[in-house]
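Mind looking over this structure? Questions follow.
Think of it as A, B and C in the order they're written, each chain with its own count starting at 1.
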Amino acid sequence: MTELQGLSHKNEKADRNGFEVQLGAFSGPLDLLCHLVESREMNPAELNLTELVSQYVRFLVSSKRTTLNEMAEFFSFASRLLLRKVHSLFPAQRDTADQQDLLDEDIFTDEEELRRMLEVFRPYRNGAAYMAALQRERERSFIRIADDESIPFYDLGDLYGLASLWWQLLDRYNEKRKIGDYCEESLWDDIPDAIPEERQVEERMEELLRSIRKKELGLSDLLGEKNKKMLIVTLLALLEMSRLGMVRITQSETLGDVLVAAV
Amino acid sequence: MQQSDENNRIGLLEKQVEAMLFVSPQPVSSQEIASYLGVSAARIENAVKTLRDIYAKSHGLTILFVSGGWQMATLPDLADTIEAFSNAVSMQRVRLSKAALETLSVIAYNQPVTRSEIEDIRSVRCDRVVDTLMKHGLVRISGRKKSVGSPLLFRTTDRFLEIFGLAGINSLPSLDELKDYRAEDDAFDSLERTHGSADEGDNYE
Amino acid sequence: MQQSDENNRIGLLEKQVEAMLFVSPQPVSSQEIASYLGVSAARIENAVKTLRDIYAKSHGLTILFVSGGWQMATLPDLADTIEAFSNAVSMQRVRLSKAALETLSVIAYNQPVTRSEIEDIRSVRCDRVVDTLMKHGLVRISGRKKSVGSPLLFRTTDRFLEIFGLAGINSLPSLDELKDYRAEDDAFDSLERTHGSADEGDNYE
């Protein structure tokens, strides 16, 4: 993660017209590719895969405020694009047995295939944009507020809807029994946040900076009382700050407290 | 209403008040509206008066003054029509709130079941919801449980089976039948799977 | 307004229709009203037209045509006022991520459609998004496809039409017509801003 951050810092400086990229603003790899094709005014009929891939990867590298999950998904797509290119340049490798499996999984074979994917995808992307506009317009009008918690309504007769609600409830119930004191947040909190996100680390960095700017603090103060997740995020934040030369970490005596000061 | 200029200005205020009364499920006092719109309560009173006049002239709606506030409602003359209509509509085209549908699912999968058992699973009270379900003929009382306080037991009705197109209560979808769309909640699970053989479309993560 | 009252005078039928639209929590079709009142649907259409004209002239309310029916709502111009007035109205809004909208568009145009068909088009996994859409009641399972593994089929719901202000699924322009549709620059702006606060922890998908 620190590597990626390092790269993105570099890129920001190198790329003068550098526009901010947030993967979260894209719905997926194809959405980003469409955006690239449009913003660079490439002719989809003359898609140059190499050029597109290199732009795509540059985009990913300069991407900001991105969760690791997002990044992973986009890079996985990018690597398949690259692999494809390699195979088209070195067709001989196709014979290797273990490469064969990879090829079978692959979804496109060349520019033609990628172009076809984009062509199929693009109208839906427009459809989504159109629907977003529709929704915004509709949301300017309000209907009467029902006096109970009856929004949203479910059409009766939707058997699968009924069934899935039950299985969700059961999940929640079992979870509740498992953890004893159940609170709705904690369920969602734990799942996607299991891997600390860059954003969390960045936020923590700012917090830490604010507290140590006033006075030098011991590591034990900074790591105290927090939960496990917070602990990891704090450690990552400290490492990153140290790497960037934002803090000075010292230990005055063996086994003494480690002191953290802002530089 | 004499001066066109004044008319227009009052027009916007009236529209705002009208829309507020429309969306609000409870009566709203002039003071409350006034504080939201940043005008005097007296101006609100005037606006409401104008609205009431407009509605009184020729509308199926009216503005009532109840428990210290204004509330939009249907004309008293139409009471019979409207009451019958709203029952008819809600029977014909039943739509349930999430709370109601959840409760229905608990009853369907666990029948016969008591109210406190339902509440245990949903961790919210459900007397009102159960009443709604009974009113719609989706749920019925099927007896009393032989335990302390002998609480009522609830079951789904034949109408329930009909509406959901079920041959019998045993045909309710199992967890397995829904696995097609249910999200894998465990992030690590999906990571692991990319290393193994990628079945279906899972190889994108 | 300055004309005589006669212009604004409406008949009993209009009043009834107005009151019905007022009480109904969901859109009501002309047929539904007609069959209830025992008059022709054409007469109802006319009555609604008269009401719409009256509302258009000087009211804070309007009558929408969504999901095949009529629905009373506040004027779009008053959106800010009403929003500030009542927190509860925000419940009527559904925040969807860009991925969710895209998936919804694939489902809307191809329904009924399986998850792997959606994934073929979007080239990313969609279980989480589909799950979210189902939770919001915008999409439902409509059965199983008769093919290998008999995967579940998904459809949009009436609520989908209501949320997007569509009279029916046919009111969406064809994909061909959208070929050159470009979103205004800020079309997704609000989405990005709320990106971190969607109800799903993992709102990317």
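For the reader, a short list of remarks on this structure follows.
Heads up, the rule we're going with is that a contact is a pair of C-beta atoms (placed from the backbone, for glycine too) under 8 Å apart; a residue touches a chain by one contact, two chains touch by 3 or more.
Remember, it's a predicted structure, so these values are computed and weren't measured experimentally.
Of all chains, A has its CA centroid at the greatest distance from the CA centroid of chain C. Of all chains shown, the one whose average CA position lies nearest the global CA mean is C. When C-beta pairs in contact are tallied for each pair of chains, A-C comes out on top. Between the Cα centres of chain B and chain C there is a gap of 16 Å.
Each chain gets one centre point, the mean of its Cα atoms, and the points for chain A and chain B are 35 Å apart. Chain centres here are Cα averages; for chain A and chain C they lie 30 Å apart.
Residues of chain A in contact with at least two other chains: 69, 73, 77, 142-146, 150-155, 158-161, 164, 191-192. Annotation for chain B: residues 19, 22-25, 95, 98, 178, 181-182, 187, 204-205 touch two or more other chains. Chain A meets chain B in the complex at residues 69, 72-73, 76-77, 105, 142-167, 169-170, 173, 176, 182, 191-192, 194-195. Only residues 1, 7, 11, 14-20, 22-25, 33, 36-37, 54, 57-61, 72, 74-75, 78, 81-82, 85-86, 88-89, 92-93, 95, 98, 178, 180-184, 187, 190, 200-202, 204-205 of chain B touch chain C when the two sit together in their complex. By the touch rule above, chain C contacts chain A in their complex via residues 22, 25-26, 62, 64, 66, 71-77, 79, 82, 86, 88-89, 91-94, 96-99, 101-102, 104-106, 108-109, 121-124, 134, 136-137, 140-141, 152, 157-159, 163-166, 172-173, 175-176, 178-179, 181-184, 187-188, 190-192, 195-196, 199-202, 204.
Contact residues on chain A toward chain C in their complex (touch as defined above): 22-31, 67, 69-70, 73, 77, 107, 117, 120-121, 123-146, 150-155, 158-161, 164, 188-189, 191-193, 199. On the chain B side of its complex with chain A, the touching residues are 19, 22-26, 94-102, 104-106, 108-109, 121-123, 128, 136, 138, 163-166, 172-173, 175, 177-178, 181-182, 185-188, 194, 198, 203-205.
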